[in-house]
Amino acid sequence: MEQIFFYIFAIATVASAIAVISLRNPVHSAISLMVCFLQVAALFILLRSPFLAAVQVFIYVGAVVVLFLFAVMVLDLGKERFGEYLHHQRPIALVVVIGFVFVMGFTILHGSLDAQLGNYTEKALVKNTEIMGKLLFTKYVFPFEVVSLLLLIALIGAIVLAMKEKR
Amino acid sequence: MTTWLILFIPLISAVLITLVTRKQKDLSSYISIGAVVFCFILSINPILNLLQHPHMEPIQKSFSWINIPGFHVEMGTLLDQLSILMLFVVTFVGSLIHIYSRGYMHGDPGFSRFFACLSLFIFSMFGIVLSNNFIQIFIFWELVGLSSYLLIGYYFEKPSASDASKKAFLVNRIGDFGFILGIFVIFQATGTFNFIEINHILEKGGIPDSTLYIAALLIFCGAVGKSAQFPLHVWLPDAMEGPTPVSALIHAATMVAAGVYLLARTALLYHLSPDAMEVVAYIGGFTALMAAVIAVAQNDIKRVVAYSTLSSLGYMVMAMGVGGMTAGMFYLTTHAFFKALLFLAAGSVIHAFHTQNIWEMGSAFKKVKTTGTTFILGSLAMAGVFPFSGFWSKDEILTATFTSHHYFLFAIGILVAFISAFFMTRLVFVTFFGNERYHGHPHESPPVMTVPLIILAVFAVFSGLAGLPWFEPNFGTYIAGPSHGGHGEHGFNFFVAGLSTVFVIAGIALGYVIYCRDLDKDPLEENALYKLAHNKFYFDEFYDNFIVSKIYNGIAKICNFVEVNIVIHFFVNGFAYLTRELSKILRLTTTGKLQHYTLIMVAGVVVLFLLFGVL
Amino acid sequence: MSIFKKIFFIDFIKGLSLTLGYEVSKSVTMRYPDEEKWAPYQRFRGLHTLNRDAQGRELCVACELCAKACPTKCITVVPMEDDKGIGISDRIAKVYEINLVRCMFCGLCEDACPTTAIRMGRDYELACFSLDCAAADKKRLLAPREIPQEFEGGYVVMARLERNKEGINIKPDLTRKKRWW
Amino acid sequence: MIPLSHYLLLSLVLFSIGVAGVLLRRSIIIVLMSLELIFNSINLSLVAFAHFLQSMTGRVFVVFTITVAAAEVAVGLAILVAVYRRRKTVYVEELSEMKH
Amino acid sequence: MDINTLIEVALIIVKVIFVSLILFTLPIPLTWIERKVAGHIQVRLGPFRVGPHGILQPVADMIKLMFKEDIAPEKADKWLFRFAPLFAMIPAFAVYAAIPFGDKITIPIINKEVTLYISDMNVGILYILAVGGISVYGIILGGWASNSKYALLGGIRSSAQMISYEIALTFSCIGVVMTSNSLSLLDIVKFQSGTILGFIPNWNIIYQPIGFVIFFIAALAEINRIPFDLPEDEGSLAAGYHVEYSAMKFSFFMLTEYVAMVTASVLAVILFFGGWDAPLFMPEIPIFWFVAKVGFFIYLFMWIRFTLPRYRYDQLMSIGWKILLPLSLLNILITGLFLL
């Protein structure tokens, strides 16, 4: 059962990811991106991380892709039909990427990059969110603060950048 | 804790005024006045404590600031007799001047800025007074210089004011350069910056006399700059471009006294180096005489007072030089009162007449009675007439000079007393009596200005009694030089007192004879000496034409040659050329296109994996 | 006070209570064509009527004063002699026509009439499908009205929607009347 | 039961697609989207490891990654808008001021 | 798979179908109610002709919408134009997967306990907010795909509005999460049972009055109701994002809006008004109190719609960012302080 779901989600993920980089219209790309993110969220649920799945939907689907759409619409890029939308460096790039896939795939399959599923307690799964919250505010409180500061800076930076210069 | 509080309240006030109350002008003055008055109230406790325990141990509170092996600097406060006295002078005179300023600066567009700078100044002055080591005193020394610069250049839209502030700043730098060198010499010799530790080491001895001599002279450089001694005295008269309360606070009562305070603080050093003391004494004496002579020939009321300040500072330095530390500090205290009084009264006079030229005043004593009375009281104190405070303090200096067998300096002292009495008489008569030369309607200043005047006048008259030699304890009980264990040298010499009184009365009489008439201009104007003095002995011109244009420009020309031909043409441009030629080759790799870089990056990862991971 | 207002949304609650009050109040509309009809006041100036006296004689004597008084000249009167006693005198209107397209229902004809023959009536449903009805002839003007002259109007009466070949007609039932206020 | 390597392979494929997008597309907005794909592949592998190793650290780290990604998109798109406003182009290779 | 699992799955499917059916049919009475409320507030009668008191009016409308011609603009993006209503509708329905309508009831005859919710997620509230956030896609894509400037402006406006207010909405919910110590809606409701001082119901509104006000305002903006219905501002944008839509696609948008309104009411009830908890010693009747409270909120939304005027767009933005967001942060802070 779980395997079926995994393969459905995986195939959908890959397909929508390919759609992201191959569609000509940025709006369509953004929609594919959204679909891809939703699939990843579903995979997170398979990986017993409902909180992360919700966060993924919340931030990626609910905010990031909307932001992309927003930018596309504000700049009105959707109507531009890109003449040549791929690069002249296409062949060499494809070679490199495929080489990358092979190299890394080889490493994953033949390396020791595998782990058996440890015996986990149901409690850890149910109380997932609570444990994560406690960790965030105890062990990882410093990174947490740093990241929140970063977010604040990004917020201000984005506002400053996007603001029209007043003359 | 109290000392830290005293130190930082003015800073907080300055910051508050700068950040918050620039628009609410009244509020900013209240904050500033409140801060300094609060400091005064806080400083009452140490004073009472001192009065009860004359031989109190110095209280140090410090924390480590820079701690490198072999180099330890701390931040701290030192509360001993000397600093408590200065604290009292600064807070007391400062409070009165702050209150006075509220009236004097009323309606000025930069009102808040003024009070912010004033608070900053008070903060830095406290820093000097309370610091327990050389580094800290130097920092606050410079901060005082900065705030003095800001306040002299307060009317920065006037070219003369901005020039004066620059001049003050630059001239002070020369002295400060010597000062910091002196600090390093001392550190080299003793390995510490802390005053008390230095004193302990000095008492133990073992430091070569030459080192002490050099250190003492270099530190004296700082005092020369800040206290405007010859040859760096040129900035002080120009500093009168600032608002009058500033002149009173900074350039009469407190900051210029910092040099004297420094000498007192390092008195042991000088005590161990008699040669240096000679230098100090003669420079002080020369300054006193020169400034007194110049003061005779000035027509600007503030400049007259400024030169008299210069002369008084020379007096104090001379006292320090002859070992009369108690006398010097006593004179510093009384001088702070009557000179602040004179400046504030002069400010009040300027407020009334809307001019600074004494030849455009006159005959207005009845219109400005309070100001006039207090001014005359201050002048009497300045002239050293019995029994005003000036008499007692000056007498002590003369006694100290006399008893230490510096008869030449003693003669100079007597002469200066005579000239001081003369020009103060001149100032009073020309300003307030004689025929009417003013325009408009002079009027008395508001109470916010006159009340501080009256308080200061009371102190100018009676503060001399604190040093009355027949009482025990007196001033010297608390402030004692290093040579005299517990007691100051409040000897009283009837010969000295009599001689000085005779000369003072002679000076007043001469002034009365010459100036107590209806005059339109100075009767001595045609005199050659007068002209020389009127032009301040051509010091400014000498500095401009000889030092700056000949020596300084010559060095500059040599430096310019070296820099342009060797540094710029060979090193800088040569390396630039080399770099440019090399970069022409390397530039080919930067296409500026993001995706090229990314491609190479990913390819690099693949290659690395092929090399190390897979194979 | 204003901060209190802001914190507790006083104005918002006032608005809500106002609308709630209206919600529970009676509606002021009438279901016009189907069930109810507005019976106008007597002073209403609708389609004209030509009156008769108590004996049923036409009051109009074709003096043409109304035609003279009409500012839009929409009244056409052609007099004729008559001895049949149709009118109150021996002069009656042969043709009495009002062009309703031009008429602006000012009521001056009514004022000018010496015999109170012409009166502004209370019919207001004057729309029609052909131009025939744009001119009201004598027959139409003389015909009795659904709301008689004496009826004191100014309220809603029940009505019935009637469809026939000529179009739609709303028949009022003057006995069942109501006021909404 | 799905082995860890499956998740890792999926993550790798997603990553490679992202890289390919960065390398191949000319529109800067698609490049940014591809970057998001890369972020997601990393998140996926982190969560997979966290799940299989029974460790919370990976999941916590994903929270940080998502935050950083959100910040990156906000700033990136703001830059994009600013650049587009000035240069009227969104093609990456036309924005090559950084050379020389 | 054993029989029990099958029954469970079947039960879930039944529940899903049941809830979907309710949601599909709910707008039918709601449109009628809304028009009636509008009529009465404006001192008129509202729909009256079709059926007694016009009760069949929505059916007539539905039939009309079904048989209208389905027009797509020529230069529209056909696929997105077609899918946008679905994008709007699916999240609106998906939200109900996590909403509890009541606790357990026992079906009398087969004597089986049935839970009155589709699933009790342990991140329920987060799920609802996340999925609710997706519904912006329908609007923004519908607006963009129509290739019409009114629609595009409406879409952009609404996406900006929804993103802005979603933050305040989420933050106001965090206060509730903090007091009830759980992300699960079931737990949140259970936390609110009981009374304080014996008679005041232990509802979150007591602890979170500011939170509720923020939630309510932000919810108004999220579901595009007056006074925040800028996306379909008739005055300046014709009808906003769905100006080019007609027939069934349009009805999908309408459906979405009504479902969103119901969702907002349901959330308000669950988070702040104790869910199915009966107030003031009233008897516990399954679902009844829940429906009653939701009904009240739906009525409140309609009532507000015909009371308040519409805000300007800049006012909308400044309310969201300058008032609600700081207030919600303050609310979290205060809640935290109280919890400490």
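Just so it is clear, A, B, C, D and E label the chains in written order, and each chain counts residues from 1 on its own.
Simple rule for what comes next: a contact is a pair of C-beta atoms (placed from the backbone, for glycine too) under 8 Å apart; a residue touches a chain by one contact, two chains touch by 3 or more.
Note that the coordinates shown come from a computational prediction; the quantities given were computed from them, not determined experimentally.
Enquirer: Taking contact as defined at the start, I'd like the list of chains shared as neighbours by chain A and chain B.
Expert: Looking at chain B and chain A together, the chains touching each of them are D.
Enquirer: Does the complex stay in one piece without chain E, or which separate groups appear?
Expert: Connectivity check, chain E excluded: A, B, D | C.
Enquirer: Tell me, please, which chain's centre (mean of its C-alpha atoms) is farthest from the centre of chain B?
Expert: Measuring from the centre of chain B, the most distant chain centre belongs to C.
Enquirer: Which chain pair racks up the highest number of C-beta contacts?
Expert: Most contacting pair of chains: A-D.
Enquirer: Based only on mean CA positions, could you tell me how far chain C sits from chain D in angstrom?
Expert: The separation of the two C-alpha centroids amounts to 77 Å.
Enquirer: CA centre of chain D versus CA centre of chain E: separation in Å?
Expert: Those two chain centres are 33 Å apart.
Enquirer: Between chain C and chain E, what is the gap in Å from one C-alpha centre to the other?
Expert: Taking the mean C-alpha position of each chain, the two centres sit 51 Å apart.
Enquirer: Quick one: chain A and chain D, Cα centre-to-centre, how many Å?
Expert: 6
Enquirer: Could you tell me which residues belong to chain A and also touch two or more other chains?
Expert: 51, 55, 63, 67, 70, 74, 87, 89, 93, 96-97, 100, 104, 128 - these are the residues of chain A that touch more than one other chain.
Enquirer: All pairs of touching chains, please: list them by chain label.
Expert: A-B, A-D, A-E, B-D, C-E
Enquirer: For the complex, which residues does chain A have touching chain B?
Expert: Interface residues on chain A, with respect to chain B: 87, 89, 92-93, 96-97, 99-100, 103-104, 106-107, 111.
Enquirer: Can you tell me which positions in chain E touch chain C when the two form their complex?
Expert: Against chain C, chain E makes touches at 37, 39-45, 48-49, 213, 303-304, 306-308.
Enquirer: Using the touch rule from the top, collect the residues of chain A that touch chain D in their complex.
Expert: 2-3, 6, 10, 13-14, 17-18, 20-21, 26, 29-30, 33, 36-37, 40, 43-44, 46-49, 51-52, 55-56, 59-60, 63-64, 67-68, 70-72, 74-75, 77, 82, 84-87, 89-90, 93-94, 96-97, 100-101, 104-105, 108-109, 113-120, 124, 128, 131-132, 135-136, 140, 143-144, 147-148, 150-151, 153-155, 157-162, 164
Enquirer: Where on chain D is chain B touching in the complex?
Expert: So the residues of chain D touching chain B come out as 19, 22-23, 31, 92-93, 95-100.
Enquirer: Using the touch definition from the top, list the residues of chain D that touch chain A in their complex.
Expert: 1-10, 12-21, 23-27, 29-30, 32-34, 36-37, 40, 43-44, 47-54, 56-57, 59-60, 62-64, 66-75, 77-82, 84-85, 90, 93
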